[in-house]
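Two complexes follow with chain A in common, the first pairing it with chain B and the second with chain C.
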Partner chain A sequence: MSDQMVSDTASAPAVARRRGLSETWFAWLLIAPAVLFTAVIVAWPLLETVRLSFTDATINSESWVGLANYHELLGSAKFYVVVGRTFFWMALSVSLKLVVGLIGASLLAAAVPGRALFRALIMPPWVIPIAIGCIGWLWLYNGQFGFISGMGQRLGLLDGPFEFLAYKRSAFYSAIVTDVWVGTPMVSLFFLAAMQGVNRDLYEAAWVDGAGRWYRFRRITIPQIMPTIISMALLSAIWTFNSFDIIYILTQGGPRGGTTTMIIDAYKTAFGNYNLGEGATRAVAIVVLLGLFSLAYLNILNRVNRHYGVK
Partner chain B sequence: MKHTRTLLLAATLLGGTAVAAGATELSVILCGDARPADQAVVDKFQADNPDIKVSIEQVPWGTCQDKAMTLAAAGNPVGLAYIGSRTLLKLSKDDLIVPAEISADMVDKYQPGVLKTVSSGGKYWGYPHAFSTKALYINCDLVTKAGMECKAPETWADMIAMAKAIKEKDGVAGIGIAGKDFDNTMHMFLDFLYSNGGSVLNADTGEVTLDSPQTRETLQMYADILPYAEEGPTAWERDQMKDLFNDQKLGMYVSGPWARGQSKDAVPNMLVAPVPHGPSGASGTILITDSLAVFKQKDPAVQAAAQKLAAAMSSGDAQYDLDSSWGLTPIFQYEKLGVEKPYYMDDPFWAIFVNGISTGGPEPMVTDFKSLQGVFTAMIQGVMLGEGGSVDELVTQAAADLAEVK
Partner chain C sequence: MAPLQLQTVTKSFGAAQVLIGIDLAIHDKEFVVFVGPSGCGKSTLLRIIAGLDEATSGQIIIDGTDVSRLAPVDRGISMVFQSYALYPHLSVYENIAFPLRVQRLPEAEVKAKVARAADILQLTDKLPLKPGQLSGGQRQRVAIGRSIVRNPKVFLFDEPLSNLDAALRGDMRVELSGLHRDLSATMIYVTHDQVEAMTMAHRIVVLNAGHVEQFGTPMELYHHPATRFVATFIGQPNMNLVPATVLGTDAGGLAVELDGGPRLVLPVEPGAARSGDRVEVGIRPEHATLGDGIAMKVRVLERLGGVAITYGIMSSGQRFCAALHGDAAVAEGDTISVGVNPADCHVFGASGAVLRRLKAPVLAA
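Moving on, here comes the complex of A and B:
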């Protein structure tokens, strides 16, 4: 059976040769659908965005302006504030997701009665549509009718109603909380899967040697799942960097730009004010910054993988 | 026999498909809540024009105009859209809409100033379909509870004193001030600016006139009244305030005539008054219209159907039904259309809104209406959040930013 399969597989280039195709062309033929898919879905929109960034395109007109959009963007102090805010948003949100996700995964991995139920219960934030979840959070953050402000007053923590989305700082951190709420379940489940792959013999040997829970977690669990942690951190960073719906539904980037990240800025410029050229310039800036960030991160990931012997 | 029946059924189905394929599909976007008066016109239109299939999509105001514009920009325009008239200039400049075919005999039937809100380059770019002026709604129970007589505040000083008394009585917000990133934050500010003799643009030259003592006084009034307003005004837009008002959590707020119907049961002891005036002007209001815009189509039949439906929806009879049932400032002078005793005649409530037409100011007409809104929001939120400098600096900055708006 096995020999037959090998023989079938080996004969594919031979079939191609019989039909007049060289092996190179046959290989190209095989990857052509993937290349076409990538070209249509990724390359063409990207190139079109880059082209638009050199124009002053609006809804129904455009003309070539060269580097004018880039000059204007890079010469604007607001741009650097937005970039700084975006990286702060990403760093804080991703860090919280990783920490809370790790704690959640550890609890879910624990051998307690009803473990399956707990695993199911962490799913809703990830499963329900983000828009629906955010509308729920809008109500929670409402100062006059919302749960959090009401409880705060009842417990004596607040003097009166507090509008969490009305002030730059509280709106920013409120959006972070919602983003962490949405993003943590997936991180937890990935960490849980990684934890379940750790060899139990390591824990037993450590336990026999008298290692405590914290020590085992720190010296066995964390190192063993480190490649997963790094991978999740990178993926989560990219998603969080481009997190649009949560901020837009909660604050539309306000008040006074206090929650405007790069993606919100790009959207508002392109589709709010219909300055498609300037919006495209911001989109290109996002691609460049995320590209650099990803390269640096992949470099770190490779080092970590080499350190832990992961291929 | 069996085959004959099958063939007949197939022929019938194919025939039906052919009829359906021959029908003109007219897609319509209506911003805001569904209105029975509009639906009645559409139903009659469908009955009278079986060859036109109208499909209506109701979209909340927050995203509606963006949706209509984005569809048009993507080359897939709706046939007809009910949108804010402020969008018409941009849509016309981008060649996405066609002029409205308002008949000459109807032109002088509109209220003064209404057609100006849809005019540019000697053409009407939309059928005005909803008109509003604003007034101050006061919860008299809260005022009397605060130890004051419930009478209309005439000046800003009176209004601030009333708001202060309500707030200091038991912590209830004295007044609702809109400050969210939303169009009616600008609209409410303009209600007060026009009640202080201020202006935004010179109507003839387009020159920015915002940087004026009147604007400074208006923004200063905002700064003075904010301690007695609702908590966190940058999170509130005007239409959300009715919930606070109805829940006895707000002493007063500025809104259109429709607010009476929204609050009459929850706040039976309600006083409606003209917008109080500032030190440099008389009571005024912003004049806003929303319009039916006909989008440019590749298929002339669709465009013709859209013009026909828009004309039906904005006809005298249809408008009267809409204005009177929905509680809108009359868009026509219905006496001129033969209505003997229009709903607003001899009614002190309606007199406040109708009188405002002659003293009101327009919504500024610019192409980049989103940036215009952004300039006002930044200025107003600046005073609310205490950043961006003093009132003087905020107004100067806003005027400079406005000069950049095309």
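Moving on, here comes the complex of A and C:
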């Protein structure tokens, strides 16, 4: 009986040998569907984008131009403005999501009556389709009929109707607010889950030793959920960097480019002006920047995990 | 380093009464163990003393002060948790220093206090490490170190050894007893392990279903259990309880006939027992020896070297356990006879109350 079981568990390479396949080829055979799938969905479009970036492709013509697109892009002052704006967009939005998410999670973790209801109530921004949420915000930001402009006037904060999406600066911060509104619930839920995973004895031990609420939060909760904070910061940073739908629905990158981030720039170049080659160049720039960013971040994450005693 | 009194402490969760009128007076520098089966309320009682849970009614008095309404930190207690509750992100040094950091003591004072605790607990070379790099016993010591630096009036321990393996548990028992001697502090220790209770305690509180069954020294509990519950809870293997019928009483004791066994004259105060009453005779396995007396068929034999734990069944169907000499000439399947000294026997009335033994060993305490 046990001999039979041993030979069964050892049978995969044995089968391979019987069929005349080496173990390596058998392994390749097993992962082939996944490799094929990845190649079609990820690798081919990526390689095609890189190839296009060396051409001056438009809808109906294409010729090889070498590094000309890169020369042009890296030599353009406008590009650096867009890169700067993108990083500012990412840093501000992610910081707000983390801070608001942390406050939200702390409130949701508190033992108050009806907290299950509150936990359900924070979900809508994340659950409803972004397009629908954004249409709601378009209405809120509207100067003539919008709630915010109206309330601002009633409270005497605004002299007259204010079109939030009509000015470079206000449009940018309005888009940030909407992006934070969409992104915070998930961050909050992850933080809440991490907080609930902290051993309650730690809090009781600290309480016995005289640590107050804020002290316990600062010296137990924050360090204990730090790996989650770092992971959420990384993921949220990548999503926010590439956040397309919210900006495009609210402002299409305007007014006068005031909300044009790298991803919007790439889209408008490729599909607004049909300069597929130049658009691809911008897309490659995004991949490179995000790649470097992710590498740095993973490095930090590893160090943080080691520091906080997580394997 | 202070006496502690509990006055009619009760605790209810909704309709469920967890603790029923607990009265205890614990002396200064005493090592008291709360012992009892799961759910008896021993941990709840400890948490109420600590201030982590609030009593439904009653007072907790530490060193003459009613602390019942005070926050844990103001009660002069410190607590060691079953899970150790060490902060995984802090070094051993910072874990021990935690209560001092809360108090915002100057660095030099923190350093001196941590160094002293580490010295007592032999943790000095572990101070830079994280708890994750320590063994179970070392983590336990760090948790104790965190208690020591607070210099509390009363140390509270909630099943501190239950996460350790058997060998380490034995070592830590000895260490804790030594620590108690060195610190000469009042300590309250919760466990479900009667060996820990017997070996470490000055006095033991046996809790059952939310009330105190008995509060006394280990040997009092062993020789003079107040109730049937205490008698069976203390002692390993458990005391045999053999049903019997009272044949008669006189000043010298009680004559009984064990069901499926011999007649015995037991030197106990007969109290209200009358001829024909049903009682239970308690016989500790270690008091049974090969000899004339109770006949039983051996079912299972556990030879531990020094002793042979012999599990048998009497002709009445009653199970009986005898801890015989390690080399006793018995085998599974044998029918043997074991004798008992009547002076060693306990007698319990129908209500579970004990009839006082007249010839039990005189207790030193």
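Definition applied: the second predicted complex is superposed on the first by the 301 of 311 C-alpha atoms of A that agree within 3 Å, B and C clash if a C-alpha of one lies under 4 Å from a C-alpha of the other, contacts with A are read in each partner's own complex, and residues count from 1 in each chain.
Assume a residue touches a chain if its C-beta (ideal position, glycine included) is under 8 Å from a C-beta of that chain, and two chains touch if they have at least 3 such contacts.
From a predicted model like this one, the values you see are computed outputs, not experimental measurements.
Colleague: Looking at A:Ile220, would you say it contacts chain B, chain C, both, or neither? Reply first, second, both or neither.
Modeller: A:Ile220 contacts chain C only, not chain B.
Colleague: Once the structures are superposed on A, label A:Gln252 by its partner contacts, choosing first (chain B), second (chain C), both or neither.
Modeller: First partner only.
Colleague: Can you give me the overlap between the chain B contact set and the chain C contact set on chain A?
Modeller: Touching chain B and chain C on chain A: no residues.
Colleague: Going by the contact rule at the top, pick out the chain A residues touching chain B in the complex.
Modeller: Its residues touching chain B are 58-61, 142-145, 160-163, 165-168, 251-256, 271-274.
Colleague: Quick one: in the complex, what on chain C touches chain A?
Modeller: Residues of chain C touching chain A: 50-52, 71-73, 77-79, 81-85, 87-90, 98-99, 101-103, 130-132, 146, 150.
Colleague: Which chain A residues qualify as touching chain C in the complex?
Modeller: Of all residues in chain A, those touching chain C are 199, 201-202, 204-211, 215, 219-220, 223-224, 226, 307-309.
Colleague: Note which residues of chain B are touching chain A in the complex, please.
Modeller: It is residues 66, 69-70, 72-73, 90, 94-96, 171, 179-181, 230-236, 243-244, 247, 249, 368, 370-371, 374, 377-378, 381-382, 384-385, 387-388 of chain B that touch chain A.
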